[in-house]
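Take a look at the structures below.
There are two complexes below, and they share chain A, which is joined by chain B in the first and by chain C in the second.
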Partner chain A sequence: SVEKEAPGGGADGDDSLYPIAVLIDELRNEDVQLRLNSIKKLSTIALALGVERTRTELLPFLTDTIYDEDEVLLALAEQLGNFTMLVGGPEYVHCLLPPLESLATVEETVVRDKAVESLRKISQEHSPVDLEVHFEPLVKRLASGDWFTSRTSACGLFSVCYPRVSSTVKAEIRQHFRTLCSDDTPMVRRAAASKLGEFAKVLELDYVKSDIISLFTALASDEQDSVRLLAVEACVSIATLLPQEDLETLVMPTLRQAAEDKSWRVRYMVADKFSELQKAVGPEITKNDLVPAFQNLLKDCEAEVRAAAANKVKEFCENLPEDSRETIIMTHILPCVKELVSDTNQHVKSALASVIMGLSTILGKDNTVEHLLPLFLAQLKDECPEVRLNIISNLDCVNEVIGIRQLSQSLLPAIVELAEDAKWRVRLAIIEYMPLLAGQLGVEFFDEKLNTLCMAWLIDHVYAIREAATCNLMKLVEKFGAEWAQNTIVPKVLGMANDPNYLHRMTTLFCINSLSEACGQEITTKQMLPVVLKMSNDQVANVRFNVAKSLQKIGPVLDSSALQTEVKPVLEKLATDTDMDVKYFAQENSCLLDLGYPEETTQDHIANSFHNIFIDVQEQLVMYRELTEPVCI
Partner chain B sequence: MSAISATEKVDGFTRKSMRKAQKQKKSQGSSQFRTQALTELSPLPQLKDAPSTEQQELFSQKLQQCCMLFDFMDSVTDLKSKEIKRATLNELVDYVSTNRGVLVETAYPEISNMICTNIFRTLPPSDNPDFDPEEDEPTLEASWPHIQLVYEFLLRFLENPDFQPSIAKRYIDQKFVLQLLELFDSEDPRERDFLKTVLHRIYGKFLGLRAFIRKQINNIFLRFIYETDHFNGVAELLEILGSIINGFALPLKAEHKQFLMKVLVPMHTAKGLALFHAQLAYCVVQFLEKDPILTEPVIRGLLKFWPKTCSQKEVMYLGEIEEILDVIEPTQFKKIQEPLFKQISRCVANPHFQVAERALYFWNNEYILSLIEENIDKVLPIMFGSLYRISKEHWNPTIVALVYNVLKTLMEMNSTLFDELTASYKSDRQRCVPCPSLILTCIQNLTGVQLWQNWI
Partner chain C sequence: MREWSSGYSRQQWSAPGEVSGRATRRGETGESRRQEETDPAMQASQMDEEIDTRKINNSFLRDHNYATEADIISTVEFNPTGELLATGDKGGRVVVFQREQESKNQPHRRGEYNVYSTFQSHEPEFDYLKSLEIEEKINKIRWLPQQNAAYFLLSTNDKTVKLWKISERDKRPEGYNLKDEDGRIRDPSTITALRVPVLQPMDLMVEATPRRVFSNAHTYHINSISVNSDYETYMSTDDLRINLWNLEITNRSFNIVDIKPANMEELTEVITAAEFHPHQCNTFVYSSSKGTMRLCDMRASALCDNHSKFFEEPEDPSNRSFFSEIISSISDVKFSHSGRYLMTRDYLTVKVWDLNMESKPLETYQVHDYLRSKLCSLYENDCIFDKFECVWNGSDSVIMTGSYNNFFRMFDRNTKRDVTLEASRENSKPRAVLKPRKVCVGGKRRKDEISVDSLDFSKKILHTAWHPSENIIAVAATNNLYIFQDKVN
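On to the complex of A and B.
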């Protein structure tokens, strides 16, 4: 057996098997990490053992080691899913079932789920005969297991074997699934409910109508809301499968009941799946049933539900049948939306703000100006920054329909307020929309109103904001062109090089790094380079080594004469700096710019640093030894 | 937004203490899906003033009146009706606790209806999804002024000397219990406290529901351990179970043993163990006192789930191990001593001094000492290496002092073996190059660089 052979090398004295013997030995090691490593190399072991010994020795051994750390079991469950070729191909794939069966019964959910995933995978590699002889009996055993874990696992296996077995076996499978749907532990019912849709898809339509519908109805009125809400998910698949004329009698009563469930979790699920449900039931039912249901969800007493529904407003309206879309929106949906704009809960308002702008394309110019614009403006003045941000981030939708001028009067105060928000994440978010806004509003408006903001961010006290501001400038230059940059922002950026605060001086360098390419050679050589070079005399070392870094960044934009006559001397000077880091970056960048300056390579530098620390350690060791000479007790 | 002060603007972060302060006073409405319209209540005459022939009828009217639910999130509406209901509930509590003969059969369905309507509700979504029960203040139930009185009434009803389980079981059935159990997830500790007492009474009075209650608790726990990792009432349910286990008949049924091994032991892995560990350990020890044979599998289970990175939990595990050792039978001790002391020896050598200290405290326990002494030939070789090394290396002087005492105790138990181990330990040390592993580990931790091993 495998066990006897380890670790002295192959029983036949074959030295090449020695590493394998070590791996096998490690499968039984006391250290979890070693067992885990070995399990992860299981395919190597199997390959070396050959298909026959893998089947007869390795797999039984693995089946026996099932009582182990969950981490090891998880790795094992995953490995076995890819083992078909290693046991000799599809003909022998059923050998993998015993270890996976035990893994599918353990308590830890991740392990069990992985085992089921692997079983589903290898089920496809079984021949129809093997499926009935080996796989299906396993599913049955799991489905009738004593402990809930095996029954839970079984739920995920029905749909993969159902399509490929004989009709008698099919009948048995349906029966097992029925039993599990009314299992007395909620864990199993949850598992069954979550697989109901998937199972329905592989069933013949008649059985969907007879079996699945009754299970669906039962699960949708389960005593536990955690089960009921899963039935809502299944509802989408089931409704897709049924012909239109059956939907009303078979699905709708349950769906209506779910939309008014006493548990907010179920109603939340309905709201969350609303677009899918809408597509699945078709336009007629949507008009008659889903519109009022949606109105109710938008007015739900629980904010969670309203937020989920608010998120779906645009999608729902988009998918309404064209002939009645506008009427439905104007008479049924818009009144609810108006109320949500002044909802008490900020998540609801912010969910709405993220989609409301999308309505303008659906409703057209006149309706937008008359009905939506007041809502946008109200949300732009909302007390919660997230709401305002969401509106601003979707400006492009409105721009297409009515042009942004209509909004700009209200837009500006909103942007300014966000730009000065006390929370830096809010400021960061608005910076990220600047390029988009600049594109929408045009260069004049931008210069007049927003330019000052963009420059102010460069001296923000939070680094992330300064960094984003730098990146923002680059995007603006890409949009408005080099000439604009030369006139408006470059002078201001370069002016900061004389700032008393070294952080601001560094910001100049960071801006140059990101602007040089967009500005082009001329501006870079004539305006930026002199400033950078001058900063190499800065008294703060951080500035100096950032000069070295900047020179590398802008190097590719410069021509070779500037590199040789201006950059090289400065780098040479920095390479003799008193500060170790400045020296290091100057040398490194000389190499990278290919200026022929490899006095000490980067690797040497690293090795040297290591060397220094190494000496430190040795000194410590000596001290340590002196301190810890054995003392007798 | 406007409340943000100048100091806050400096670093842009809201201070945690401030966010907390804002949160503390929050309360939450019950997630009742209201369909009925509210009608104003009008006060009924006092029960005690009514002639005895009309009392029953008036009692029933008052019960119905109390079925009206109010929105407590809105503190200005329906003030008058809210007050009437509160006074009526108070009167009802008084009525069922002081009067005999009021629980006639026809009253049961009405009482049950009033209770169900008021307390059974879907709990609202948690206001704070990252609610940390150890840190954050719980959100309180807004309608507590009414709900509290309903719970009070339910308890008095169950405790009334005329209460007849045979009639009540038609109303206090499996469905009732199930809904009651779901409420244990309430964030409001006051509510969970009432629920605990109520469930306890029901378990005591309704024999037919006992197995069902245990099974449902079982399901809640399994879901908590393997699915959601969140349930507010674990400690309360465990407390009830503690007294249930106490009453188990011997020999223990397979069902109960399974509960111990497959639910209570894995429950030690939960993230919020600190919140219910005392109750959990009590349950485990109750089981072991009933049936000592279970000691070995339980200790092996704890060793399997032993925390690897959470020192706080390790201290709790050690506490529980000591509680178990307090009641262990010597024969069971022999079965488990080897793996157990390997773990204890790792704990003693733990750089976190609270873990090391907790493990070393075992040597202050007379009974544990006697067990160790009896098995010194097995225990000492396992413990010796760690103890000897720690006596020289541990950074914390208290630990070093404790270790010296422990070594002294162990030496007195078997000095010959102790000398042998000392000698072989020293020769081992001299044979290999002294490996200053402590410094290396420190450097590794500081730099995160594994390379050092190759350098030295």
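On to the complex of A and C.
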């Protein structure tokens, strides 16, 4: 409740000052969290102080508080970017420069970057005159600072002031940027290289050709590969700026050199940026230069590079000029892809598997059947589960082109093998693809081949798998309908209610919980409810109170007569159970289902919650055992 | 905080072969500096340090025999400018010394180092999964290139690397709204105006704050850390693996070398040390317990299990003995400042290698060849496993390494002269020039010579450091740190 115009100190013993006073004092609290809170409400403080005192007192104080924790400084740097109105509008925005300048020199990169971001933001609020009088000198100071932290920050500021200053100042800015590109420390050269593209965009085309190209060439042949690889990124923006006829002479020599750099990290960067590069240089150069370069990257000696290139296969092929796309893919790219299918490195194979299916839409039915299908089949038999999973997860692309039948014979063994993998995370992954597969393969194939698998997961010894299997059943029912459920899965699920293992009996209950809604009232009332009610006599307390819980879950699906005549008596019986927890859940659920309070309501919440914890621990123990299992094997 | 009880003295050291001398103890320098300081503004900021100094003096006066195990210095390192010198000890503490500003009326004081900051870098821990104690001992300290007004260093024990920031603070905010000057709470109803705190000058305070903790990446004991010349990454090395870290990322590191055999029973060698090339950010070297070194190029591939160069000296069959393998294990490897040469230290020698010649070292210097006949007893008392380090001077023309009996050795690569010096309080008067020592090998013992049999093997100099550009050296002798400089004319 602070009045907006309160000129700080005007009123006598003003109650409204108290919260602000607390905020100001907490700027220096020992507790970081309180300091952080105060900094986040800096605008409230500034508002209360008024623009004058904010400029003369608050900002000078903030300028020197750079000793604080990173998170406080980060919040401060962010706040100051939105402070223009609080210091009196664009006329006074330059008052924000000193605190941001000191934040732009701290050692923590995130804080520095945020300070630079805020500086870029407020630079737009400077008038052209103020920009030259206040902002540009700050950029120069940072650019010629003693420490590399300030020089790295300067790199991000050139491009925002360049378009709005006079030509003499422009010349100075270009000179500063040139100097930083050949700085002694690799940190600054890296910062300059990463801002090269952005700076090129605001420069006049003549200067791009005269200045930027020489800087680009120099950075691209820097002695440190960490600098060279950043030049690849700049290459994209520079190439988009230049007219097509200049690309060959100004950019391509550097790009060719980068694609064959001695350092794998630079080649990796080329592979990683390949789609952008392809778009930037246009179709002609792509055909003549990039295709062979891409082939080389796919055959690179370093697995990381091959994996990065493999990831780009689909995108690269998609973006090829339409007239020659198919020829290029068939004669140049596909042979390399074939080799990658049997690569020695599993990351490469897995990267390829995640995109290779996409090629079928580009190549059409005949080529897919003749050339790609053997590759898919080979990958479905790959020793690495990740490769198989990646193929299976992208089946929809192929389905559109050739229909899944072509694959189904090989698909099945692959799915079965994954479903029985020793690692539960692999099993979990394949379960999650089941609804998708079921949709693609159709109900007949599913019933015939996959249904048994889905049921087997229900009795997996890992809780996470049983849980996922339960959820999977629900999705299948949503897909195939209640009738299918009634015929195929409900009998099997209910059959498990007589299993000697109480964990399996509980799985029945969990399945019923998630299936009841999808199956509808009739199936729930006629088939599921009797089983649930019968289980209320189970000898294991965990099953009994899960019965109580299940009754709550399926309650909304049942009609009121079933609730009154069947559910209520059972809950009443459970409410007098010898086990405290069974009692608790039964009573709780009676309330929730609005069946009225049973007579006896001796609730001991604390004791009851113990049983819950006990169950959680049990489940976690099972999880834990499974997590450690691969190690034991 | 525990007291820092490492003794600290300073002497002049002159070119090999000369004697003269004065030495100052830590306390005396404190006294005389107080007379020097006349600027009242400076006076205030010195007060803290004065107190600090006395505390050190008190403990310093204790005989070093009373020093506890925790006080034993385990690493010494100058920062890139030589303005600061850091030591780490077995108690997990790091002590940073700062060089005094040069003063015209007392030119001999140049190179005077005083305590700048002391902090507990590592604490003892317990690994519950492996039932292993993790010592707090600081294995290595490496300074980062300076990036702003603060200083940064990496310190490591067996398992965890930490990045520390050492910064100065000389202003303090003053003025609260809800409290008065004496800290009494004000009645909120009396608040009629808001006060913004104002920064006032205060006594200089040096703070050490942990900035990053790089943990959980090493199964074995970390023996080396090395900062890359790209200012962005560093590597940490344990017995079997080398990991590469980004200085800003603590939750991910990349394994670049792994020599762990599938079956640990086939293990025949371990990595003993590793270092980055001073200028080429893609090159590093690691040494092994078999007396060999491998140079790796990170450009060639992401995993550097295949080396690009392999340095190995063919074994001399005449010197073959039971101990050959143990004494040929490399305990330290260092690139020269120029990046052209490599220096390795094994038990008896220091070798200088040219990066372009893998077949044999360019130069071999005997550190204490007289111990060759005593290897059997050195094996029995475990001394044969001591890991001596070695250092280059600023211009790569002289190398230095430690020995026993508080002796350390210097070899001039140009003149081929060498000298043995002793770092010990008993033998050095204030500002004395160190006397060269000689060890007598058999036959008649001359005056001033020490018999091999009377060498004290418990007094070993494992860690030394050389100022990056000047002739100032730091020598750690168990719990004492000695700083020597060449003679001022």
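Throughout what follows, the second predicted complex is superposed on the first by the 529 of 633 C-alpha atoms of A that agree within 3 Å, B and C clash if a C-alpha of one lies under 4 Å from a C-alpha of the other, contacts with A are read in each partner's own complex, and residues count from 1 in each chain.
Simple rule for what comes next: contacts are C-beta pairs under 8 Å (C-beta built on N, C-alpha and C of every residue); 3 or more make two chains touch, one makes a residue touch a chain.
Nothing here was measured: the structure is a model prediction, and the numbers come from that model.
Undergrad: Which of the two partners, first being chain B and second being chain C, lies in contact with A:E383: first, second, both, or neither?
TA: Only chain B; A:E383 stays clear of chain C.
Undergrad: Under the stated touch criterion, which partner chain does A:K262 make contact with: chain B (first), chain C (second), both, or neither?
TA: In the superposition, A:K262 contacts both chain B and chain C.
Undergrad: With both complexes superposed on chain A, which partner does A:F585 reach: first (chain B), second (chain C), both or neither?
TA: Touch status of A:F585: no partner.
Undergrad: Tell me the contact category for A:F158 with respect to chain B and chain C: first, second, both or neither.
TA: It touches nothing on chain B or chain C.
Undergrad: Is A:F216 in contact with chain B, with chain C, with both, or with neither (first, second, both, neither)?
TA: neither
Undergrad: Is A:R28 touching the first partner chain B, the second partner chain C, both, or neither of them?
TA: The answer is second: A:R28 touches chain C but not chain B.
Undergrad: Quick check for you: in the superposed arrangement, does A:V106 touch first (chain B), second (chain C), both or neither?
TA: In the superposition, A:V106 contacts chain C only.
Undergrad: Does chain B (first) or chain C (second) touch A:F294, or do both, or does neither?
TA: neither
Undergrad: Given the touch rule stated above, what does A:A422 touch, chain B (first), chain C (second), both, or neither?
TA: It touches chain B, and chain C stays clear.
Undergrad: In the superposed view, which residues of chain A touch chain B and also chain C?
TA: 107, 109, 147-148, 185-187, 223, 225-226, 261-265, 301-304
Undergrad: Quick check: in the complex, which residue numbers of chain A touch chain C?
TA: My answer: residues 8-9, 11-14, 17-18, 20-22, 24-25, 27-28, 48-49, 53, 57-58, 60-61, 64-65, 67, 105-107, 109, 147-150, 185-187, 190, 223-226, 261-265, 301-304.
Undergrad: Can you list the chain B residues touching chain A in their complex?
TA: Residues 1, 4, 8-14, 31-34, 122, 124-125, 175, 178, 215, 219, 222-223, 225-227, 262, 266, 304, 391-393, 404, 407, 422, 426, 429, 434, 436, 438-439, 443, 451-452, 455-456.
Undergrad: Along chain A, where are the residues that touch chain B in the complex?
TA: Contact set of chain A toward chain B: 69, 107-109, 147-148, 184-187, 223, 225-226, 260-265, 301-304, 383-385, 422-424, 461-462, 610, 614, 617, 620-621, 624-625, 628, 630-631, 633.
Undergrad: Along chain C, where are the residues that touch chain A in the complex?
TA: The contact residues of chain C facing chain A are 145-150, 152, 165, 167, 169, 171, 173, 176-179, 188-199, 211, 229-232, 248, 279-282, 298-302.
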